[in-house]
Amino acid sequence: MQKLVDGVHRFQNDVFSTHERFFKRLVEGQKPLALFITCSDSRIDPNMITQTEPGELFILRNAGNIVPTYSNTSSGEAATIEYAVAVLGVQDVIVCGHSHCGAMGALLDPSQVTNLPSVRGWLGHAEATARIIRENYGHITDPQAKLTATVEENVLVQLENLRTHPSVLAAMGRNELRLHGWVYKFETGQVFAFNPQDGQFESVGDQGFEPRPIMPHLRAI
Amino acid sequence: MQKLVDGVHRFQNDVFSTHERFFKRLVEGQKPLALFITCSDSRIDPNMITQTEPGELFILRNAGNIVPTYSNTSSGEAATIEYAVAVLGVQDVIVCGHSHCGAMGALLDPSQVTNLPSVRGWLGHAEATARIIRENYGHITDPQAKLTATVEENVLVQLENLRTHPSVLAAMGRNELRLHGWVYKFETGQVFAFNPQDGQFESVGDQGFEPRPIMPHLRAI
Amino acid sequence: MQKLVDGVHRFQNDVFSTHERFFKRLVEGQKPLALFITCSDSRIDPNMITQTEPGELFILRNAGNIVPTYSNTSSGEAATIEYAVAVLGVQDVIVCGHSHCGAMGALLDPSQVTNLPSVRGWLGHAEATARIIRENYGHITDPQAKLTATVEENVLVQLENLRTHPSVLAAMGRNELRLHGWVYKFETGQVFAFNPQDGQFESVGDQGFEPRPIMPHLRAI
Amino acid sequence: MQKLVDGVHRFQNDVFSTHERFFKRLVEGQKPLALFITCSDSRIDPNMITQTEPGELFILRNAGNIVPTYSNTSSGEAATIEYAVAVLGVQDVIVCGHSHCGAMGALLDPSQVTNLPSVRGWLGHAEATARIIRENYGHITDPQAKLTATVEENVLVQLENLRTHPSVLAAMGRNELRLHGWVYKFETGQVFAFNPQDGQFESVGDQGFEPRPIMPHLRAI
Amino acid sequence: MQKLVDGVHRFQNDVFSTHERFFKRLVEGQKPLALFITCSDSRIDPNMITQTEPGELFILRNAGNIVPTYSNTSSGEAATIEYAVAVLGVQDVIVCGHSHCGAMGALLDPSQVTNLPSVRGWLGHAEATARIIRENYGHITDPQAKLTATVEENVLVQLENLRTHPSVLAAMGRNELRLHGWVYKFETGQVFAFNPQDGQFESVGDQGFEPRPIMPHLRAI
Amino acid sequence: MQKLVDGVHRFQNDVFSTHERFFKRLVEGQKPLALFITCSDSRIDPNMITQTEPGELFILRNAGNIVPTYSNTSSGEAATIEYAVAVLGVQDVIVCGHSHCGAMGALLDPSQVTNLPSVRGWLGHAEATARIIRENYGHITDPQAKLTATVEENVLVQLENLRTHPSVLAAMGRNELRLHGWVYKFETGQVFAFNPQDGQFESVGDQGFEPRPIMPHLRAI
């Protein structure tokens, strides 16, 4: 804990003091570029990966970057999405999974959650991911490859869940919101984005890459 | 969106390439110092405030830095807390509110959430905050002062909620976990920590500040 | 009630007795062509509209042909869909709305459900429909046209909800399941099917009509 | 799917065209005779069994003809019942089970639902049926006889559940609503109705049969 | 609080010391005569009213003597009933309302619960009572008479809810459990029991009174 | 049942008749000293233990004296607590466990609840108790000592849960409410109260005992 307190001192002396004007201006309100949904994993720093500054990313983080579907029972995820889309008017939402995700590992190996009732219940929102892997990926036996497939499919499943939120569907119907599926591989620094045209994740760093939002709303008005 | 893609390129070229060895070592697993719970507000960057690096903070973020109580219905918050405490063994949990919080503003002015059913339901987990302000803070009329009181009381309420999570209570009973209540005021760069000895928030930057965990478990074994 | 009892007698004497062999063969099990999801409205007879016989349509009916999203709380709809897709292996699912739908009328006029707490709660699963109409259809003022748009958009919203069910997503990933959006206009006998290529509903009876499933899974394996 | 599209054409050409006036009159609104609750099983056609026409039966169908009790969490069943009783004013409600019901079979053999979380959760609303069979029917060992008892007891259990819905209880208190328990045996064309006077199901086709509503409200005003 | 502490001393000195053998024998286990469900109102003492001793009444108390229906979401009431019936094997369950019940008063006047979200939600389990009074008792205008009718109807509604609990239905099917509806009028010392034969509550103290369980299970085996 | 009816007669003849004036005065309303939360166990009589009279204790009883946390889903416990604190203004709340508690025994031995789904679900609200015993009390092997520790820790856990209820937190913030943890050992007549100063339960009957409320609100205004 002392390390964090020391860090706060360092932040105040080294960072804030030299950017005071910038921080003061943030009082005027936030107008983030995007809603960034990712895992709580300590190895991910969304602002570092995207080289963004305070005020640019509205960030939702939980174990497994999971998005419960819209339902009559509210959730922190539903509220945060609704606030980002309907109040702040973000134009892009990124669901970003990552390599070596412990939550996805637990999804593949339920024995890990025997004494973790909250994690077990939470992974129920990734049940579609689990079923897809179980039913459609029987041909992959390498554990590492299976985990990678799980992380990728889970990003797609959570994007489906995201599409059930009223504010999201309504904004997509007006062509005012785009959804993106990313996977961050921290050990190589790579970021992969799902390309709906060929159904594959492709490296954001590659030559000629351009962001392609996935699945427009069924009916544009 | 293009700005974020450009940022990824910059991250890869400027940051990752010069710290490759550091990032590769993260594959061995994470052993974060603390669980940091804060708002999704884009103006907060937990790693910047605490000057921490990838691997050091397990981060849970949602609108209003709210922690639903433990219940039979799991939540992203419950799962993330359970994972941090029971699996990763973090020793400190920080609930960090912030100045100018839109969620707390909406708690004080329900008319803002008329068309936001998910936000409205979510703020139900801060109902204790709302009641405390309504019943106990009638003497404060200045809107800004009322919002500050709301942010502070909400941090304390969410700490109470946090204490109902089994993994938290059990670890506290072994004196292996400490809870902290913080408020970050981004426009001044200040961080305030709750001091249970005098019931006030005090500046982390002040001379002689030392972190005081709040409320040990009732009964240490 | 006497009319229904008389009907049973008539069924036994006029229908069953002349098709006894057919009915007996149904004991061997069911292998329905499709799952047909429609409203409870008495004016709809799915078997009549599609001219199908016992054993051909697995039928789910409720007020408003609503499909709650997949969530940790099960529902009759979730169970019925899972049974149809994962156990019976249906290859097509049709969500069929209809003209003059009372549930959709109530969605547009909440004053109708003041004393109907169950209906009010249920319409929460069509909140996306309500928001789409409110935010995106302000230009339509004619009540009849607005109701038609509501019925159509609701079919599309419920198809989004349908896509969150694990058995559905997994089967779509194998290209073994196709989803269809229909609207039945009983006063003209017309059936309209959504065509994802132009984003419009088109008459099933029209020359050259061919069924087009909507929205394949993001990633076909 | 093509078969269904062909059926729609046939319906339009053969059925609608010769009854156009009848269908057009349905626009005036529905005034169904009864609410008919039955299983989604494809082998059941409620309109055929009762020889009723469009406009005569309000129909609720799900796997197992299950009626969740009234609770603070709404359901499609609660909404449909409330709409039928409180808005449409139906005077009779029939809960109709059937022979060879797959849902009831799964209730007796939980191993069938291992990979069907939605079905498993849904059968929780038939837990009373399961307990009654387990505790009170130990003397029946023949699987077919046990399934028949399960189907029958389940109809009675769902009628108990039905009685907890406010609109149902209130209408029964005014003697304006009658409840009926039926079982349809499709392989023989028989329909059995529960007779509360002797506690047995008796054939609707039998000489001298007359419908007997079960269990009036406790207190007539 | 000091009064309660003094009372404990008095209990130990005056009551326990003279009945030590009786209390010690209770260690062998409990075999209560009945499950007694009543309101938390401080003016009710179930053991005093029935002149029973420790070990004779299993007691469930909450605001309004409300019994949520059986559902997939457990409750303290469901668990207590299940324990009493299935584990302890009680043979009688009494739901006992009372005069001047504050919870029933709030049910009639929702303005009282504006700032009481938990009470408001809880009264949802008495929604049938509210609807019955609203729809069927319009002819009663005297507030006191309306409250009495509400208390009585609520006892009957909660008995309906009680009947949905699996352990209750199963035991009733074996004729091993009887349900009773009582109302206690503390200001006159009267206890009224519902008589299903004439649909009225009659005084337990009256000449020739004998307990009549209400509503046997539909089907005796 | 006849025994209870005879008891009512005896109550009317022997108790009520000699205290008629006292009972009549209760019509004026209740102003209980405290909210007393205890188990449904038949061997506990709160009014006897505290030697209190009708009107003095507001009593909440369920299997295991469990208090679900405050959440968006209301419960009988939440409503009863809110009514006691916010409407009646009680100044003390006592959570009272007891020796030989069957619910706590079941918590230690889950095999007992295999066929008790409602009890199993309900014990989820004592999951923190179970985890504390499992993780922190491994050194206790004697079953009786383990049960005693479970009963004691559960009282503390439920006090934590109690603190999440808005009315409780708000009243504590005004220093108008005090919480107490008790354990009643019926076979010895002893009552133990938790002393937060040394973290032990001490006998209420001991020389010099004085009630010490536990855990004041974090911040008194």
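To keep things simple, chains are lettered A, B, C, D, E and F as they appear, and every chain counts its residues starting from 1.
We adopt the following convention: contacts are C-beta pairs under 8 Å (C-beta built on N, C-alpha and C of every residue); 3 or more make two chains touch, one makes a residue touch a chain.
Computed from a prediction, not measured in an experiment: that's the story for all the values here.
Enquirer: Return the chains shared as contacts by chain A and chain D, ordered by label.
Expert: The shared contacts of chain A and chain D, listed by label, come to C, F.
Enquirer: Would you kindly count the fewest steps from chain B to chain D, each step being a jump to a chain that touches the current one?
Expert: 2
Enquirer: Report, in degrees rounded to the nearest 5, the angle of the rotation taking chain E onto chain F when the C-alpha atoms are fitted.
Expert: Angle of rotation between the two copies: 180 degrees.
Enquirer: Please pick, from A-D, D-F or C-D, the pair whose interface repeats that of E-F, with more than half of the contact pairs identical by residue number.
Expert: C-D
Enquirer: Please compute the C-alpha centroid of chain A, do the same for chain B, then give the distance between them in whole Å.
Expert: Roughly 19 Å separates the two chain centres.
Enquirer: Rounded to a whole Å, what is the gap between the Cα centroids of chain B and chain C?
Expert: 44
Enquirer: How many Å are there between the centre of chain C and the centre of chain F, using C-alpha atoms for each centre?
Expert: Whole-Å distance between the two chain centres: 50.
Enquirer: What whole-Å value do you get for the distance between chain D and chain E if each is reduced to the mean of its CA atoms?
Expert: Roughly 32 Å, centre to centre.
Enquirer: Give the residues of chain E that touch two or more other chains, as numbers and ranges in rising order.
Expert: 68, 70, 72-74, 115, 117, 121, 124, 127, 131, 165-166
Enquirer: Quick check of your reading of the touch definition: is the inter-chain graph here a line, ring, star, complete or other?
Expert: Here the contact pattern is something else, fitting no line, ring, star or complete shape.
Enquirer: Once the touch criterion is applied, which pairs of chains come out as touching?
Expert: Those chain pairs which touch are A-B, A-C, A-D, A-F, B-C, B-E, B-F, C-D, C-E, D-E, D-F, E-F.
Enquirer: Which residues of chain D touch chain E in their complex?
Expert: 68-73, 121, 124-125, 127-128, 130-132, 135-137, 152-153, 156-157, 159-161, 163-167, 169-170, 173-174, 181, 194, 196, 199-200, 214-215, 218-221
Enquirer: Would you mind writing out the residues of chain E in touch with chain C in their complex?
Expert: For chain E paired with chain C, touching residues are 72, 124, 127, 131.
Enquirer: For chain D, which residues are in contact with chain C within the complex?
Expert: On the chain D side, the touching residues are 1-12, 14-17, 20, 23-24, 26-27, 29-30, 32-34, 40-45, 47-52, 54-64, 66, 68, 70, 73-84, 86-87, 91-92, 94, 100, 102-103, 115-124, 165-166, 178, 180, 186-191, 204-205, 209-211.
Enquirer: What does chain F use to touch chain D in their complex?
Expert: So the residues of chain F touching chain D come out as 73-74, 115, 117.
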